[in-house]
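In order of appearance the chains are A, B, C, D and E, and numbering begins at 1 in each one.
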Amino acid sequence: MTAQIVSAIVTVLIGVGGCVVYFWGANRLLDLVFPARGVSGATAIDNLRRQGYIRPWLFIGPALIVLSVYLIYPVIATFYYSFHDRGGQNFVGLSNYSWALGDREFRQAIFNNLLWLLVVPAACTFLGLVIAVLTDRIWWGTLARSLIFMPLAISFVGASVIWKFVYEYRGDGQTQIGILNALVQFFGGEPQVWVSTPFWNNFFLMVILIWIQTGFAMVILSSALRGIPEETIEAATIDGASPFQIFWKIMVPQIWGTIAVVWTTITILVLKVFDIILTMTNGQWNTNTLANLMFDWMFRGTDFGRGATIAIVIMLAVVPIMVWNIRQATREDGGH
Amino acid sequence: MADLILSDIRKSYGSLEILHGIDLDIKSGEFIVFVGPSGCGKSTLLRSIAGLEDITSGELRIAGELVNDVPPSRRGIAMVFQSYALYPHMTVYDNMAFGMRIARESKAEIDRRVRQAAEILQLTDYLARLPKALSGGQRQRVAIGRAIVRNPKVFLFDEPLSNLDAALRVATRIEIAKLKESMPDTTMVYVTHDQVEAMTLADRIVVLKDGRVEQVGSPMELYCHPGNLFVARFIGSPAMNILPATIERAGAPTAVRLTDGAVAHAPIETPESAAGTKVSFGVRPEDLGIADELDGGVLFEGKVDYIEQLGEVQLVYVDLGHAGEPLIAKLPGGVPVARGAVIRLTASPGNLHLFDGDGRAFARNGATAMAA
Amino acid sequence: MADLILSDIRKSYGSLEILHGIDLDIKSGEFIVFVGPSGCGKSTLLRSIAGLEDITSGELRIAGELVNDVPPSRRGIAMVFQSYALYPHMTVYDNMAFGMRIARESKAEIDRRVRQAAEILQLTDYLARLPKALSGGQRQRVAIGRAIVRNPKVFLFDEPLSNLDAALRVATRIEIAKLKESMPDTTMVYVTHDQVEAMTLADRIVVLKDGRVEQVGSPMELYCHPGNLFVARFIGSPAMNILPATIERAGAPTAVRLTDGAVAHAPIETPESAAGTKVSFGVRPEDLGIADELDGGVLFEGKVDYIEQLGEVQLVYVDLGHAGEPLIAKLPGGVPVARGAVIRLTASPGNLHLFDGDGRAFARNGATAMAA
Amino acid sequence: MARAPGKSFLGRFGVHLAVAAFVILWTIPTLGILVSSLREKDQIVASGWWTALTTSTHMEAGRLASGSDQVEKDGRFLITGNLFGAGDGRKLTAFGIRAQAPAEFPAGTVADLGKGTTLQVNDDGSYVMSSPVAFEGDRGRRVYYAASIPPSFTAGNYKTVLFSEGIGRSFINSLTVTIPATVIPILIATFAAYALAWMRFPGRALLIATIIGLLVVPLQMSLIPLLKMYNGVGAFFGVPAKTYLGIWLAHTGFGLPFAIYLLRSYIAGLPREIMESARIDGASDFEIFVKIVLPLSFPVLASFAIFQFLWVWNDLLVAMVFLRTDADQMVLTARLNNLLGSRGGNWEILTTSAFVTILVPLAVFFSLQRYFVRGLLAGSVKGG
Amino acid sequence: ELKFKPGEDARFHWQDFDDLQKVDLKDETLTIFGPWRGEDEALVRNVLEYFVQATGVELKYSSSENYEQQIVIDTQAGSPPNIAILPQPGLIQDLASKGFLTPLGDETAEWVKENYGAGRSWVDLGTYKDKDGKPGFYAFPYKADVKSLVWYSPDNFEEAGYEVPRTQEELQALSDKIVADGGKPWCIGLGSGGATGWPATDWVEDIMLRTQPPETYDKWVTNDIPFNDPAVVGALDIFSKIATDDKLVDGGASAVAATDFRDSPKGLFAVPPKCYLHHQASFIPSFFPEGTKLGQDADFFYFPPYASKPELGNPVLGAGTLAMITKDSKAARAFIDFLKMPLAHELWMAQGSFVTPFKSVNQEAYASDALKKQGEILATASTFRFDGSDLMPGKIGAGAFWTGMIDLVGGKPAGDVAAEIQKSWDAIK
């Protein structure tokens, strides 16, 4: 065991150390190749300029390489597959796309995805924000946050078990082991099969993701909240603003950037979500989403062409967010 | 009606006590200025009044009501922060309008008052800008504007003018004075480093040092009758010259002998017991004059060390020969003095100050002093 | 050797031009002070010199070298920011030591210099604190300390003293003056709102207005010979009184008639063509005196509107009867004036100023004026 | 320290109440599996977990000893025994001999089974069945009874999970995967984020947008091309395709877009004057990054670290694809997963392993919480 | 550690072990990827251990919750295991058609035909078309499940005086009697998380085999007759009549889709019983309450044929896992050969939860009577048919069919359901 631990530690050190060495070394090297200290003024300035051209790339270089290999290359492969047949061997033109347009399941998935996109990011961000603010200054805030964070730490499989015990349905008159139905029964209602109630079952599934992701929003937003200059809140207090007004008019606008980040991230996550659907309903009872459909075609239908086509559709859905973010980034530039 | 009563206010950060029991009685409608060295606790005291800091002990009453636990928004105050505390996401206009919007004033009224304040503070051109696109002084003006558009019972200003240029400073100072005049019932508490501001605006000045009140009084009182050495040196610029001396004859007037032998007669009453004790002798630079021009005898004689020309006046630094700080004299700009030349200075007896070994001023027969 | 040459520097934010072509020639070792109303572009100009803002056009040379594209760190400058810009996660000590650590100075040297600066700025007790536990003035001192521990060719100060109390301000000002003296080759560029600072520290003062240079000159030059109305009003506090007048007789001296009939003779040369034109007549408050005490005839007569007591002097606001701002006179504190009483004022001809319709000063026969 | 907005008692009380409500709502489902993980396998699906905390009455069936155990006494044949095991906390309240009437007789009464056969079952589960004729058959008679069951919990599930073979090794493997897979992306992303926020170079905005776009790439799409590439690289260099390095980089790649996106937005918001000041102090970009940006970004680094740690820790798919499945490299999730039956009905294992795996991320969360400092930037600049 | 000491227990063909020892695989590695996890994994490892001990091979077995996903990824990416063992013929067909499988050869096919009960059916099951459309034998059946079983509690039957039915008609009568007695005949649970619906497919397939000739079944599975053929719709209808009748199922129709298939048999053992009958495959006892003894507390009977259709004989629906070579090697071949030895089967039979159609195994090796009985059902089957949904393309058999079943129990008419499934099928052609 000790040997294993030692070898694990060595492995970890090599991994992390290698990374540190790169950044430190590359910068060092740049300084050595184009020295700025201890050379004549003009050369130094020239060298500095050269450093200025190169250094950004040293900084983002590793990121770019990793991103290209691990994401861009697969995207290209996906793109390639989307024009090919199930095995990825024969070119089939746009037929996968035209199939998608005509497929009832695909349209259903798009509709559901829209529902998810409308509800989940908004709910997570809002709840996360509210909780972050409320827990910010109470003495047991850390504890409360940890409890709300906990769902995030539970694996999807664990989460699906948890929700099984929430939504579990037993026939009317039997002992309910799902707490929701137990409550319904307790208040004299009739137990429901939550996951198969048409249309609304989407929302019951969303609840799960909201339950998980609120912790995510909360963590990020609560670190942002702490960056708000205290004085602005004090000033608003003196201006007579109520806690609500301070929240909406002073705090929220100041962390707007972070809210946007959280919102964007969860939106994208929603586009990709399939674990919940897969484990809870596998898209049955009209709860399918694009990502699950993609998964289905990839690994159940083993049709790479169609799977890839759906993946491309998912990726296209993010274009508006990208455009919006480009705008945002260029605007920041002006302000700086 | 908003009088402020502070009784034994203490404030600690952790184990570090910053305010050591402040007692203060501010009458409704008074204009109070806090002065004191940097870090003495002015901002802390102001923030405690505002309710932004929990006071560690003591009682704070506004309009008779104990407000220790009343939230800032319910204390009826407006405040200008030393660090501005502008809302970074709001335009100048919105920054100023915020408080009134919260109070649900009518649109028209808000607009009227914001524009009026912007006019006064020369911010009209910047109303649509965000704080980050403003210069330091402009930001400060927005902070002031934000306070004056509101209609509080108590105004709190923390160094509101420190980033403004002289002209604007005078103008704003006058505006604040006018504001005060137009609301005789509004109490104002004002922190400043600027002597002129303190002198011109204050009904009463509170001098703080290391979290304690040193003296409270009207500007003239503090200037003419500083209660102790600290206040004497703190009020007036350049500071009062302080020299060691020995009481030669106690009583009224008192005769003191300076280190270099000159004897000064001050219309100050000292107890008999004080005779022979070491005291501090003080004279303000502006009360000094060239000896032969004035009636009194020569009090100081020394070599001119350095001259600072300030236009209408000049500051003359005189080396009295013995170790210690140079004596500073403020002489009219026209008086010809040359660096290195010997200069003889004197002052009228009414302008002399005496402090005992603990730095406390000897009581002076006020009236005589003023007349002299 | 670090002279600074600015040629036609322009700076725009988007479409908004802030600096409209600044030309300036700062000699190595000079102490230059920028003054100007809030928002006129002082900070922007300073930041452009530092290299923190890309100038939109123009050339900036430090020690002869074109530095438009040189990064700030290579310009050999130290800067005190108007907004402090302290490193929030470092103690006061580390804040000050940071630059030297980057420059790989020895530990001992760093310690020595930091402690020395802390001593000067009275920060020794706070060396281990984080910025957030400091008062406004203390923060500002840290910002100054950070600049003075380094050893740059050019010092840039953006209102370094605005949050300090009078005593500390004087002390720090003197420290800066000493610092300057101890490094005769170091160029200093200093932005301030404080007249006294500008007057006492500057070798030359640059007056800016709306992104343009109005006048450059030594303090006395600006005080005595303001080049135009703006400078005249801007330098000196309270500002120079400006009154409409008509030239009655051109030439040298010039006779001007004021609105209420009084005629003043100023030793100023005006071209013949100016006769009969409307001009602005200026006189500084401190140059005014009670008429019967001084030799000249009565220039102004009016009712005392308001008196500001400043201790050794008093500001008397005189209502001249016709519309317009009141005339301000700075009289010795002892002169008995009463609110509401009629007062007659005059000034010596050498202290009178005349500006043409565009606000430009008429050339004065300098020597005569000074002598008079 | 300034106070919370709204200082009145009611205001503060309301806050506590609201937080408590959220916490309860959020915790109930989790509490459900926590309780479930402490229950017996059969109990989990038999009754709601909330009833586990109280004594409940259950209808159960038991089997009496078979005829081979009978003794003859006073001319009657007796079968005696106890329906409950030793040390069982259950109490029998009633019993019956037909499934349709399982609680026909109160405990202790003698039930007549006809033909002279009687059965008496006491509340401690002990029974006596007696008959004038010998019992036949080797299948014991079935009896039904109502038992009141005190709250009963078991640590057995945890024992099963925690002492399963190789779990310690897998724990170390998981850490070996997770720590670098958390630290490396942080390093790479922070540098990139700084460059994207504060350095000028052509194509910056486009890069930012691309990175956001890459957030959406579905993991499942990447696996095949990547594994293909790994195999190719492995074959080319004659090294194994499945290595720790490989999975670190894979997790790094998948985590990077979010890391860069999050960090950039934070770093771009740092006060510009601080950077300028450092620049004037002569600090290079590298120094500014290390000495100013990194320390000031702690809160956001901590948040990202928490998430990345979580994802990697809980990941099964990527580990299964990029790591071998032998003991050397099998991660904790995979190990726990293997405890599940092929048809995945082992709720007790699922619930228990959910809690076993949650502990490390929670510890990470707790320890990183303290970097969520308030007012990190306080006192640095004035204005705003 | 070997579970049964070689040579000691007469139930086993120890000769095989000796033969195996002649195969030398000392420097070989063999990676096997299988569906068994948890308890099953322990069992299979025990079997594999003999192979390791005898041949000296280095063997790595692994499984995963998402093994379908993983095998696709691994084969596609070019790093498959040597042997993959999968329960889905549909998936295997796909792998074969993409050329990822190595044919096992005609002699193996022949061997299976000879040695397995209903051997032809098993050979057909393991035969798939390769990349070029050429059929070959790829998948070797190892470990079977019998699906045509109905589980019940002998005690409950005894108490209520019910008899095990021998025909569908008797079953119908029994069901009516139970209803008349105030009980519910069936426990049906289709819930299975993402796979919800599959238990119903077994019902339908079993009914198909009892109402239609096996050829029709085969055509149905390959879609040579449409899904909405009256033959299929008829079967759907029979099932839907049971599942949607509140009187016939525990919890009522709405509970059918919602109840987890793993929880549903527990109704048999409730006090008082919630139901008396449960149709499920041979694996289900692992979900019976702890302590339930097979044969004593629970038993099963063969889902009976219709007396009115004697020509159909005793059809058996089953499933099983199939081993294939995904990366050829000497060890992989040797492993397939190992599976041809009775010992490989007996070792697992003796540990329980294993049924095999291999005729040469010693039936005494079965761990229980129940298993032995299942083995008999399998061996005496007149027709054996593999689970149809597993034979259909994944998108249908593990998709549209499931969804359709949920719609069906939700009350949608059988015809509509069938048409809907057929539409999906058309879409993937």
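Keep this in mind: contacts are C-beta pairs under 8 Å (C-beta built on N, C-alpha and C of every residue); 3 or more make two chains touch, one makes a residue touch a chain.
Since this is a predicted model, take the numbers as computed values, not measurements.
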Chains touching both chain A and chain C: B, D
Joint neighbours of chain E and chain A, given as chain labels: D
Two chains sharing the most C-beta contacts: A-D
Reference chain D; chain at largest CA-centroid distance: C
Nearest-to-centre chain - CA centroid comparison: A
Centre distance in Å when chain B and chain D are each reduced to the mean of their C-alpha atoms: 64
Length of the line joining the C-alpha centres of chain B and chain C, rounded to whole Å: 23
CA centroid of chain D to CA centroid of chain E, Å: 32
Between chain E and chain B, distance of the C-alpha-averaged centres to the nearest whole Å: 94
Touching two or more other chains - residue numbers and ranges from chain B: 52, 71, 82-86, 88, 132, 134, 136
Contacts with two or more other chains, residues of chain E listed in rising order: 65-66, 69, 72, 76, 193, 260
Sites on chain D at which at least two other chains make contact: 2, 6, 45-46, 220, 224-226, 284, 316, 337, 375-378, 382-384
Touching residues on chain D, where the partner in the complex is chain C: 271, 273-274, 276-284, 287, 291-292, 295-296, 375-383
Contacting residues of chain B [partner chain C, same complex]: 13, 35-39, 42-44, 82-83, 126, 133-138, 140-141, 158-159, 162-170, 193-196, 199-200, 219-220, 223, 233-239, 284, 286-287, 308-312, 330
Residues of chain A defined as touching chain E within the complex: 87, 99, 103, 105, 157, 160, 164, 168-172, 174, 193, 195-196, 277-285, 296-304
Chain A to chain C touching residues, read off their complex: 36, 41-42, 44-45, 48-49, 52, 334
Residue ranges of chain D touching chain A (in the complex, touch as defined): 2, 4-6, 11-12, 15-16, 18-19, 22-23, 26-30, 32-33, 36, 44-50, 168-169, 172-173, 175-176, 179-180, 183-184, 187-189, 191-192, 194-196, 199-201, 204-222, 224-226, 229, 244-245, 248-250, 252-254, 256-258, 260-262, 265-266, 268-269, 272, 284-286, 289, 299-300, 302-303, 306-307, 310, 314, 316, 333, 337, 347, 350-351, 353-354, 357-358, 361-362, 365-366, 369, 372-378, 384
